[in-house]
Structures are given as structure tokens and as C-alpha cells.
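Chain nomenclature is as follows: A, B and C, assigned in order of appearance, with residue numbering initiated at 1 for each chain independently.
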Amino acid sequence: GLGRFGVYYNENAATEVTLESRFRLIVTGTAESDNGLSFGAQIRYQSNEHRDGYGAPQGNAAFNTPRFWVSTNGFTVSVGQVLGAIENMPGMYTGSIGLTGLSYRNVVYNFGADAYTSGSTGSQGVDVIYSSGAWGVHLSHSWDGSGNAGRGFDRTAVHGSYSTGQYTFAVGFQDSDNAGDTEWAATATGTWGNFTGTLAYADNDGNAKYGIAGDYQVGAATFIRGYVNHDEGLGASGDENYGIGFQHRLGGGTFLEGGVASLGGATSTTVADLGLRFSF
Amino acid sequence: GLGRFGVYYNENAATEVTLESRFRLIVTGTAESDNGLSFGAQIRYQSNEHRDGYGAPQGNAAFNTPRFWVSTNGFTVSVGQVLGAIENMPGMYTGSIGLTGLSYRNVVYNFGADAYTSGSTGSQGVDVIYSSGAWGVHLSHSWDGSGNAGRGFDRTAVHGSYSTGQYTFAVGFQDSDNAGDTEWAATATGTWGNFTGTLAYADNDGNAKYGIAGDYQVGAATFIRGYVNHDEGLGASGDENYGIGFQHRLGGGTFLEGGVASLGGATSTTVADLGLRFSF
Amino acid sequence: GLGRFGVYYNENAATEVTLESRFRLIVTGTAESDNGLSFGAQIRYQSNEHRDGYGAPQGNAAFNTPRFWVSTNGFTVSVGQVLGAIENMPGMYTGSIGLTGLSYRNVVYNFGADAYTSGSTGSQGVDVIYSSGAWGVHLSHSWDGSGNAGRGFDRTAVHGSYSTGQYTFAVGFQDSDNAGDTEWAATATGTWGNFTGTLAYADNDGNAKYGIAGDYQVGAATFIRGYVNHDEGLGASGDENYGIGFQHRLGGGTFLEGGVASLGGATSTTVADLGLRFSF
């Protein structure tokens, strides 16, 4: 699991500075059959600042929906809460900054696809994942029914990835009737010494979002991360998002993290955070 | 705990085939005093397909009510959620089939008595269990009040069992004012090599249910199970239930399971399931 | 965690004798940085008699709000659910009796300050704790906002304590606009062989509460505890509370506990309990 706590600043909020905290507990059960099949199941409990499992309003803090998987030789079938093929494209999260991610505007697909979530219900469906050497394929599918009943749309997504030396390329497609959902996305990630950079593009139901993001290790335990991108879907005629953050590793799974980002839109907002995080 | 996932088929459902999954986490705390008393307490978290602890409707996925016990020398007193004397008669669950139990129509007492449940509240009360050599006695009591307040009825049940060589006999009685509750039940279980068979009878508030159930080990890791019974309470003048299933043990606490059953009644239904299960 | 179960008697209740039980599960995650900072986070699950996480009414049984801390060299900063400076004064809980605490009338500050709770939400805020040799200081602060939004008042409390040989003295102050909240409190605790006694005084928004409480070890594994105090806030012109209880240690973290107390007020009530408790 993880714990994190710190302060969060939002230029446009009524209370600009607030306490930010999160407790996540990951419960994983595993078993292995004699013929080498690995079975697993996982639930996650998550509680943000001053959230508990008591009283109304509900939705405060609880275990999410479980995910089950069986895997062998690089091949994994997962049922229950969907991981999501677009969400899991290599390079999609390059440039994630701060203690909280600061709205994760570095992620070009704008969460217009199924994605695993620790703090909510997610979508129910199936993932099929295969990797062999330099190649990887991830197929995900969720449908209207079986836990998503009444959602009104199906989602089928697939990504393929290929790594060669210092470069990794990935392209993903999604078939969905949901307004705003991502049509396709592509990432190109390269590593040069201590620097990893990603060019990313997504077609989010007709609105292109594209940009560059990078992670740079500046010292033995210190990382600088940042991104700049343009989203045609922001404001009247598109706008930019950009942000920069740092992570300092204190050892033993403990981190000091912070960042600042400009979130574009009809009303641009500057947000920032700073705090401590640790995994256990 | 356990994880299981697979597909469930119901001939008469709007969507005949659905994804089926369950995650169960068992949390047990124990302690032992210097004079040999064993103390224990247990809660269980259960989540079925796409159920979480968030949002409405509640009742989705959560921890059940705790049970506490203290035991010594074959004598156990349990308070909190009731185990149930009729539920725990030897042989009562012979012939349980499939991944999900397929409605457990093999169980002749039709759940007309207190029974421990991982996925709900159960009844609050007391169990007293004693076993010595070939004899076993189980008394359970729950009453209107103390957590069952407003339920409107008390339940007191007792069973006695006796084992001799390859045979086990059990008989149980219940005093309850609740309509439909079991009056008494009896089971006779025998084992012949790889085969275990049970004759079971229950008087469910005037409606007799009786039948035969069996478990047969057909190979090193494969079991066939089945049952046939008649229930006077089904349909206008009684009907039959029957089913057959298999379990293949994959080792390491992993199982491939499936079954098919005909559930009698005014409208008979055929149900089936197939899937993977593992314990952790 | 802990488990406890027994019977509870209340002279004035409709059902005088009820089953009492509690299950508490403590989940703690910790990490330590290379420079010696200790990080921690904790949530607690609590379920009382026949309480579960399912269905309405909510507030039955669940995880409380998390607490996060980082500490080094006797200095601790804690965010999330507040521990409370008045609650944690040395000697404040001397004389706690029985299986359940029997309403904890021995605690002179009458819970008119922030206090950590396993079975509810508590207050969100910050604690700063420092101890060095004989001296200890604890500062706590919670405010209207950041999880307590709408509460309508801030609370700032501090206590200092000093130990010298067999005596410990503590004094605490609180600034709060909440009606009934404690203004200040003081405790003096002394130990003579097997006996520990505490004189305690609290000014609860103008109503003084003061008394004496003691713990006495009468045998190798048996303790007698009791208290007498006067509370100006009870009834028309003040009334007395008194109680006595015992704890017998069965070894291995198991206990037999019971007590009886007279709770003063316009209508005085006698309550009593008896039961088993164990920690795991």
C-alpha cells in the first residue's frame, strides 16, 4: 500500500491551500497450480483526506471492485475491473508530477477509455495481455451489462507496442460509442542516459491532444519531471497544459514530492502540491 | 480467502450467460491463554462481480458481522454471527456442485434455519459445540433482540451426530415460529473407497424434502459430484431437483470447477457454470 | 487488533442485559527513510455487536479515517485524524474499568476536546508531539474546513507533562468556541509499589469535574481499578460518578474483565459488564 500527505494549492479554489492525504491498502491473493498457471485476485482500499467508511455521503472510502487474473508464459487473462489497453500504453504516464499528479494533464488520452481505479468502481470486463520479447499486445473489453448495466455503451480497445534499443513505440485504438472517448493514440518514448522523453498524441473523439513529456534524473536520488501539451478540446479553440515537478527519494520507499502545473481551459488554473509519500 | 471467476448460465434469465466472480478475504485474530483456552474472532470481506464498497446501492461488498469464540478440549462457545446447528449437520452439503453451488438445491433444509454467511449480516446469537470421540453436539440459539431486533422470531436448534467406521449419522431439530423454517432433519453418510454418499431428509415446516447426494473421486485430482432430491414445497405439488458437477484440482489450491443443475418448481430452470477458483 | 465479548447490564434500559462484542482490526503501514525518519499510516476497522459493513443504516462498522505521521528523535508530526492533546494527557485514563469502560466517566475532561476514535470519523487536523527525558509536550489543532467543514469551530489544545521519580504531573489548555468544551485540565499521578493513583481536575466550559482514580495490582495477574469524582455539569447542581472493576490476565494477551459503575445525573444509572477480551 501507500500513504501520502502534504498540502495542495489551487489558485481558483475558495480555500486555496488544503491538507491532502491518501491511504491505500492493497490486498492481493495469489496461488499457483502445478502446471505453472499463476492465479491472482486483488482489491484495494483507498481513503483520501478525512474520508472513512462510515455514514453518508457514501463513496468516501472503501474497497474497490476486485480484479482476477490467471497468467502463464507472458500471457495474462484478467476479469473483473478492467485495466484498460489505452491506459496501459507505454509512455502514457511519462511526465507525471507532484504528490498527487496535479490532475494528470500530461496523460493525452484524457481518460476517455477504461482505466483501473483504486478509489472507485471502474468498469467490469476482460483484459487479455501478451508480451514476447520486444512485442506487447493488450486487448481490453467492457460492455453494457454485467456490472456496467445501464452505462449505454461498449468499449473495445487494443494497443500494440514494440521496443528496440532505447526506443519504445506504441499505438492504440478504441471502438466506443461514448461521447468524448479516445479514438486512437500513439506514443514514442526514448531514453538518453538519465533522460526519458515521450512524444504522445491522442484523438479524443475528434479533438487532438499532443505534446512532449520528460523525466530527468538530476542526482543520485532526485528526479525532475515535466510536460507541455496542446489540447484542442480545452476552452473555445484549444489551450495548453504544462507543468514541472520533482521527486526526491529518501530511501526505504519514502519520497519527498512536489510540483506546479498550469491547467489550460476557458479559465486557466495554477495548481501545486508538496508532501511526503511512502510505500509499505 | 478465495478468488473465483467464470461464467454462469441461466436458461430463463434475460441475459443467459453472465460473468461470475467472487473475492473473499478472511481476517482471523486468535490468542491463547496460559491455561489453554483458545480465543478467536473472525470477519470476512466478500465482493461478487463488479461489487465494491462505494456508493449506493449499499449491500454490495463489505465485511460481514464478526464472530467470536473461545474453545478448549473439543468444547467451543461462539457468540456474534451464528454458525447454525442445522446448517452444520454432517453430510448436509454432500453433492455441492459447480463453481457457485448452483443455488445449493442439494441442501435439504432449504436454509430454513440460522446459517453463517460471508456476504451478509446473518443472525446474532450463540453456538455451543462439543465433540468427543465419535459423538458431536451442536446447539445454536438466536432471538428477537440483540442485533436481530424486530425479526419477530426466535430460533433454537440442536443436532447430534455419531460416527462408526465408514458411517456418520446426524439428526437435528429446530424450534422456530418463522414460517417455512425447518422442523427437523436427518442425514446418513457412508464412504466406500472413493465414493461418499448421503441420504438426507428434512421437514421444512410441513414440506418434506429428501434425496440422495454423492461425491466420487474418479482420478488422482478429479471429482464428480451430484444429487437428486424431491421437495414437496416446489410448485403446486412438489418437484425434483438434480444436478451434476466436476472439480479438477490443479494443485497449489487451484481448481477448475463446473456443473449443471435442473432447479425444479412451477417453472423449472436449468443453470450451469464453469470457472476457476483458488484459495489463498 | 482486539476482540472482546461479554454481557452488558444497564439498570434503566428496556432490555437490561444485552450481548456486547467488539472486533477491531488495526492496519498499520510503516517505512523508514535512510536519514532515520519514520513514516507511518494507520486505519482501524471496528465492528460492535452484530454490526457489519452492509446495508442501511450506515455507520455500522467500517474503517475510520486514516492518520499519517512522520517521527524522528522523539519528535512526531501527525496529520489526518487528530490524536488530541487533552485526550492524551498522562493519567487521564487512570481508573478505566470493566470490559467496555462503562461510559468512561473516570475521564474528567468529558470528551470536550478532539480525541482519536477507532469507530467513527474523529476530527481532521494536526498533532505535534515532542518528548525529551522527563518532559513532554503535545499540541493538537483542528479547524473548520479540510474535512471538518461546517463544524463551525476550531480547536487548539496543548499539554505539557513532567515526570520526577514516582510522580507525573500534566496540565493542558484548550482554545475552542464549542459549547461545553474543556478549558483546561490538570492531572497528578503517583505510584507507590503496586498502586497508581491520579488526582484529576478539568474545567469543562465553566463546570468543574474533579476526582480521584486508582489502579491496584492485587495479585500476580489481577488488577482492581476504581474512581470517584464530582461533576458540576451533572443534573441540576452536580452529581457524583463512581465505579470499580477488575482485570484478570489469563496470559497470551487474553483477559477476563468486569466492572460496575454508578453514573450520576438527573437520573442516576447503575451499569455493569463482564466478559473476555483478547488482543491479536
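A few remarks follow.
Keep in mind that, in the parts below, contacts are C-beta pairs under 8 Å (C-beta built on N, C-alpha and C of every residue); 3 or more make two chains touch, one makes a residue touch a chain.
Keep in mind that this is a model prediction, so the values were computed, not measured.
Subunit B and subunit C touch with mostly distinct residues; of the residue numbers seen at this interface, under half occur in both copies. These two copies of the sequence, subunit A and subunit B, are related by a rotation of 120 degrees on CA atoms, to the nearest 5. Look at where the CA atoms of subunit B average out and do the same for subunit C: the two points lie 41 Å apart.
Residue positions of subunit B touching 2 or more other chains: 45, 53, 58. Those residues of subunit B that touch subunit C in the shared complex are 27, 29-35, 37, 39-41, 43, 45, 53, 58-59, 62-66, 68, 70, 79-81, 120-121, 124, 145-148.
Residue ranges of subunit A in contact with subunit C, taken from their complex: 1-5, 15, 18-19, 21, 23, 25, 45, 47, 49-56, 58, 61, 250-254, 276, 278-280.
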